[in-house]
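As structure tokens, here come the structures.
Each of the next two complexes has subunit A plus one more chain, namely subunit B in the first and subunit C in the second.
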Partner chain A sequence: MDLKDKLVSSFMAFENNIDVEHPVHDVRIEAMKNFEIKGFPSKKEEAWKYTSLKGLQKIDFSIFPKQEKTLEYKDVKKYFIHDIDTYKIVFVDGVFSSHLSETTHDGVDICLMSSALTKPMYKQIIDVYFNKVASKDESLTSLNTAFSKEGAYIYIPKGKMPKKPVEIIHFATGNEASLLLQPRNLIIVEENAELQIIERHQSLTSNEVLTNSVTEIFAAKSANIDYYKVQNDSAKASLIDNTYVDQKDRSFVNVHTFSLGGKLTRNNLNFYQNGEYMDSTMKGVTILAEKQHVDHHTLVHHIQPNCESHQDYKGIYGENSTGVFNGKIIVDKVAQKTNAFQKNNNILISDKATINTKPQLEIFADDVKCSHGCTIGQLDEDALFYLQSRGIPKKEARALLMYAFANNVLESVRIPELKTRINKLIAKKIGVNLGFDL
Partner chain B sequence: MLKINDLHARIDDKQILKGINLEVKAGEVHAIMGPNGSGKSTLASVIAGKEEFEVTKGKVVLNGEDLEGDAPEERAHKGVFLSFQYPVEIPGVSVTNFIKTAINESRKARGKEDMPAKDMLKMIRDKAEMLEIDRKFLSRSLNEGFSGGEKKRNEIFQMAMLEPKLAILDETDSGLDIDALRIVANGVNKLKSKDNAVVVITHYQRLLEYIVPDFVHVLHNGKIVKSGGKELALELEAKGYDWLKNEAVV
Partner chain C sequence: MAYTEEELKKELETKEYEYGFYTDIESDTFPKGLNEGIVRAISKKKNEPEWMTEWRLEAFRVWEKMEEPEWANVRYEKPDFQAISYYSAPKAADPNKTLEDVDPDLLEMYRKLGISVDEQKKLQNVAVDIVVDSVSVATTFKKTLAEKGIIFMPISEAIQKHPELVKKYMGTVVPTTDNFYAALNSAVFTDGSFCYIPKGVSCPMELSTYFRINEGGTGQFERTLVIADKGSYVSYLEGCTAPSRDENQLHAAVVELIAMDDAEIKYSTVQNWYPGNSEGKGGVYNFVTKRGICERNAKISWTQVETGSAVTWKYPSCILKGANSVGEFYSIAVTNNYQQADTGTKMIHLGKNTKSTIISKGISAGKSQNSYRGLVQIGSRAENARNFSQCDSLLMGNECGAHTFPYIEAKNKSAQIEHEATTSKIGEDQIFYCNQRGIDTEKAIALIVNGFSKEVLNKLPMEFAVEAQKLLEISLEGSVG
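For the complex of A and B:
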């Protein structure tokens, strides 16, 4: 049985364990219909031209983990930003781990989607927000919606700011030979409120894991959100991340994506600017080796006038790795005075590495500033000579230059301990071992 | 210290150096002057080992050792230092971390252990003070957003830290105001000793008022066309380069 059939037939079993009378279930049923019609995207579709899911569909993924496994904090501590205090929403094989987590209802809600989707006190919010910005058309998002049950639920009321950042971590323990996870997150930040999130998916063994995640983010007027995605998973872990952001007037939303490992990673990052004077920032550092594959698909839809968007993606591709950057910017006719900037710079350090980069601009307004630039290159020879002339051997000099190339995307990271962590990860990936303290 | 013998070098198909002869002894300061395009910077790059240039004839000998085939880092380990006309910006790597790396790599190449952190810090502090460099400056990303003067001062700071035998200063005066020029020149003068040598490459005589050369050479069309004492620099300043060009044709 192929994966699609397996998923479709599992839906009935899934229904046995949830409240099918809840209005959310109508949404799930609709989504399942869409997935059933469309199935997994194929390379024939323009949006999936360079990323094949064929291999993954041949794997016999477990859809419901059979038994729970507990993890000790000391064994997984290194995956947390443990040098600062954070709220934590932690899942082990898709199941919430209360002893690894630190949730709160103290003025803000940092808790679980399973509660939000079932408890009457959240019903009003779920009615307004659930599946409202996520695509009803895209088949993998529909697949996630159909099975939506668990994930992170965060609600920050007007003017509030949680005392500390929130870490959302999904561990896969290898309890199953191969595991499919479908976390569903809902994040609502009300007027003048703020939030910082660090998200990570971590497989602890070399068993196959496929995560098809959907995150909906709503930023109300003057809200401020920083979202950091740390992707440094095992060589058998694949991730399809579908993130949808709905922004209102004068809000700021920044998403940083650090793609440093994993088998296949697809980042679908979609911004809808439903208001004026707002700013959307998307930054990424991608450093790949072996046969790793990362595909960044961004969309910024400028719907109203006077808004800005900034995209800056840097990639370093070694060995047989492949990368894709597809950045789409739509500027509606009324969205005058839009400033939309997009940059994608890549370095190929192996003859066998590949990058496919494609800006896609659809501009219907006439008074806008839009720029885009893609570069694919090698390291600057003059810079290399400069470092060598100071006594730094060529290999180390190359590493140092790659480090510098990737590093400057990190300037906008506002959690210093996270910045240091990512810096060290980048240094490690590149093989900069020059003993400097970061 | 440095002996250059009938040096010819080219980039792609363009012959730039066409037979340079030069001897620099320990304790000496040499100035190499000449009009734009005469080959001054190429000479500096060839001595430092830039791979783009192909040496087609002749040789560069440092302390009796032919440098042919040596990579730039190997030349650095043997004591060659080039102060760049346009230092490269390296975001994300602080001046301190960069210089620590450079020093320890050179030590490694000489079979020495890393310099103890305490000694390194003291040395950094002393040299920074000598060059009137602010401590905050040292934690900034290397050359990123530096003014012209800051970049050049940083080059001399690196020279002070690396303690080369042969320092080549390529257009170190360009882009400097008079105060920055004085600080940079004072730094070079303090680093000068009977055991090392300095080659100053410059278009103008201005820098040579502060770093007084023992010898002045004029480079034109890939050759040294005239050598003399420090008074030659003044003569060039007054007359320009044209009279030498004519002389060279004859």
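For the complex of A and C:
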């Protein structure tokens, strides 16, 4: 039985364990219908031209983990940003782990999607926000919607700011031979409120894991959100991340994506600018080796005038890795005075690595400034020689240059401890000890 | 200011297509529709050898199974391929005639278009192979070219006289199975140009062809094959204007260029087919497949100025097969009213040290949609490949759209690729600056547009550059609000 059929038939089993009377269930049924019609996207579709899900579909993923496994904090401590205090929402094999987590209802709600979807006190918010910005057309998002049950739920009321950043971590323990996870996150930041989030998916085994995650983010007027995605998973872990952001007047939303590992990673990052004078920033560093594959698919839809968007993606591709960048900017007819910038720089360091990039602009307004730039190249031989002539060994010199290449994305990380952490990850990935903390 | 912006806009909308007239030439036209019988009849009419008929039929069979492509960013009513007549020749045509024998009506038509087959072109040192509807009616300068061993003739004649060359090269760059319109063209093409430059010969003059669509309801399917043998050079011009017709006319041409070792081909196009009226009614559908292949050290340079057609679907491409070969693409695409253009290029780098440059300027006005779609592909064995692409769009008015779809695929670590794109409008301050110095708004716009497209205009041969500049002005007159 292929994965699609399996998913479709498991939907009934899934229905046995949830409240089918809840209005959200109608949304699930609709989504399931859409997935049934569309199935998994194939390479024939323009948006999936460079990423094939064929291999993944052959794997017999278990959809509902059978047994729970508990993890000790000391075993997984290294995956947390443990040098600062954070709120934590931790899932082990898709199940909430209360002893690893630290949630709160003190002024802000940092808790679970499962309670938001079932408890009557959240009903009003769920009615207004759930599945409102996520695509109803895209098949994998529909698949997630159909099975939506668990994930992170964050609600920051007007003018509030949580005392510390929020960490969302998904662990896969390898209890099942192969596991499909479908977390569903809902993040609402009201007027003048602020939020910082660090998200991570971590497989602790060499068993196959596929995560199809959907995150909906609503930034109300003058809200400020920083979202950091750390993707440094094991060689058997695949991730399809679908993030949808709805922004209102004067809000700022920054999403940083650090793709440093994993078998197949697909990031669908969509911004809808439903207001004026706002700013959307998407930045990414991708450093790949082995046979890893990362596909960044971004969309910024400028719907109203006087907004800005900035995209800056850097990629370093080694060994047999493949990278894809597809950035799309749409400027509607009324969205005059839009400034949209997009940059994608890539370095290929291996003969077998491949990069496919497609920066795409669709502009219907005339008074706009839009640009995109894209480069594919190598490390600068002159700079390398300069460093070597000053006694820095070639390997370190190369690492320094690669680090410098990625640095301006890192610079805008606003949590210092996270920055240090990512610096270390990058240094490790490049494979050198530079003798100082980057 | 003499004009207000409103007046300018109005004038543009009501401005009729300058070259929109219709010459009544008695045509020998086939019944409408397409089937194997029609393909055979075209072949027979052309007195073609057996292999050519077979080649056409093969293409037709492939075409029958194909579906019209939908991926382009254009919307139009699909042509009914059974409602088109696939052959129409002016009756008076006879390839052996001299200029004096040419139908005076035809000559009058060229005169109106400012193309004189006679002295004028001779003075300008341009040999013209004119195509009206589907049959060539006059060929000049044959002698001068023949002395150098250059073959320049209608492709139908080449099939008769040089079957070995045609047989060897036709369909090698654009196979019959390449795409829907290429297959259709292969099956039903009626004429076009053939050009062969022998080893080491540098063609002393610009070769040029003017295409025109005349008879209402006939599609024109041109086939051009240019072969530059080792170490040769040729500059080829192609220019088009079409009489105003109400129903949509289909044009599906195929152009194949072959540049052998050390050869260079420069192919320039000025396209000004009827774009439809200000309501978007009528106009030519231009679905063209143009591709060239470069052997060692060869160079192919495409230059195009596209101002006409209701729908344009065109991607002149280079396959950089040989080491050190060079591909260039310079394009200006102007769309106004309801015109739609989806155009760009493909640079396929296969050989070592191959280089390509892409400069594309899109100008959209009125309610038009202008897209750049390009592919830069670096094969895994293309060491030290280099590409530079620049696509700039200029938007006039807030009802038009500019789109870019650049695909970049690199499989070699030594590749160096740069891609840049910008979108902007004509600055009010720029216009104000000109106004201040006594230049009216209209002229100021022409000036700015010229500056914007200069990089490409400069690449055109002299005669064309002037013509192209004029065309730009005509197509954009008063389009800025």
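Here, the second predicted complex is superposed on the first by the 438 of 438 C-alpha atoms of A that agree within 3 Å, B and C clash if a C-alpha of one lies under 4 Å from a C-alpha of the other, contacts with A are read in each partner's own complex, and residues count from 1 in each chain.
The criterion applied here is as follows: contacts are C-beta pairs under 8 Å (C-beta built on N, C-alpha and C of every residue); 3 or more make two chains touch, one makes a residue touch a chain.
What you are looking at is a predicted structure, and each value in this text was computed from that prediction instead of being measured.
Asks: May I ask you to decide whether A:378 touches subunit B, subunit C, both, or neither, giving the answer as first, second, both or neither?
Replies: second
Asks: In the superposed model, does subunit B or subunit C contact more residues of subunit A?
Replies: The partner with more contacted residues on subunit A is C.
Asks: Please work out whether A:407 is in contact with subunit B alone, subunit C alone, both, or neither, and reply first, second, both or neither.
Replies: After superposition on chain A, A:407 lies in contact with subunit B alone.
Asks: Identify the partner contact of A:391: answer first if only subunit B is touched, second if only subunit C is, both if each is, neither if none is.
Replies: A:391 sits against subunit B, while subunit C stays out of touch.
Asks: After lining up the shared chain so the two structures overlap, which partner does A:368 touch, if you call subunit B first and subunit C second: first, second, both or neither?
Replies: In the superposition, A:368 contacts subunit C only.
Asks: Go through the superposed model and pick first if A:137 touches only subunit B, second if only subunit C, both, or neither.
Replies: In the superposed model, A:137 contacts neither subunit B nor subunit C.
Asks: So, A:336: does it touch subunit B (first), subunit C (second), both, or neither?
Replies: second
Asks: Where on subunit A do the contacts from subunit B and from subunit C line up?
Replies: Touching subunit B in the first complex and subunit C in the second, no residue of subunit A appears in both lists.
Asks: For subunit C, which residues count as touching subunit A in their complex?
Replies: 71, 378, 380, 393, 395-425
Asks: Which subunit A residues qualify as touching subunit B in the complex?
Replies: 380-383, 385-394, 396-397, 400-401, 403-404, 407-408, 410, 423, 434-437
Asks: Please give the residue numbers of subunit A that touch subunit C in the complex, ascending.
Replies: 46, 333, 336, 346, 348-378
Asks: In the complex of these two chains, what residues of subunit B are touching subunit A?
Replies: Within the complex, subunit B contacts subunit A at residues 45, 48-52, 71-73, 75-77, 80-82, 84, 87-88, 90-94, 97-98, 100-106, 109, 114, 158, 162.
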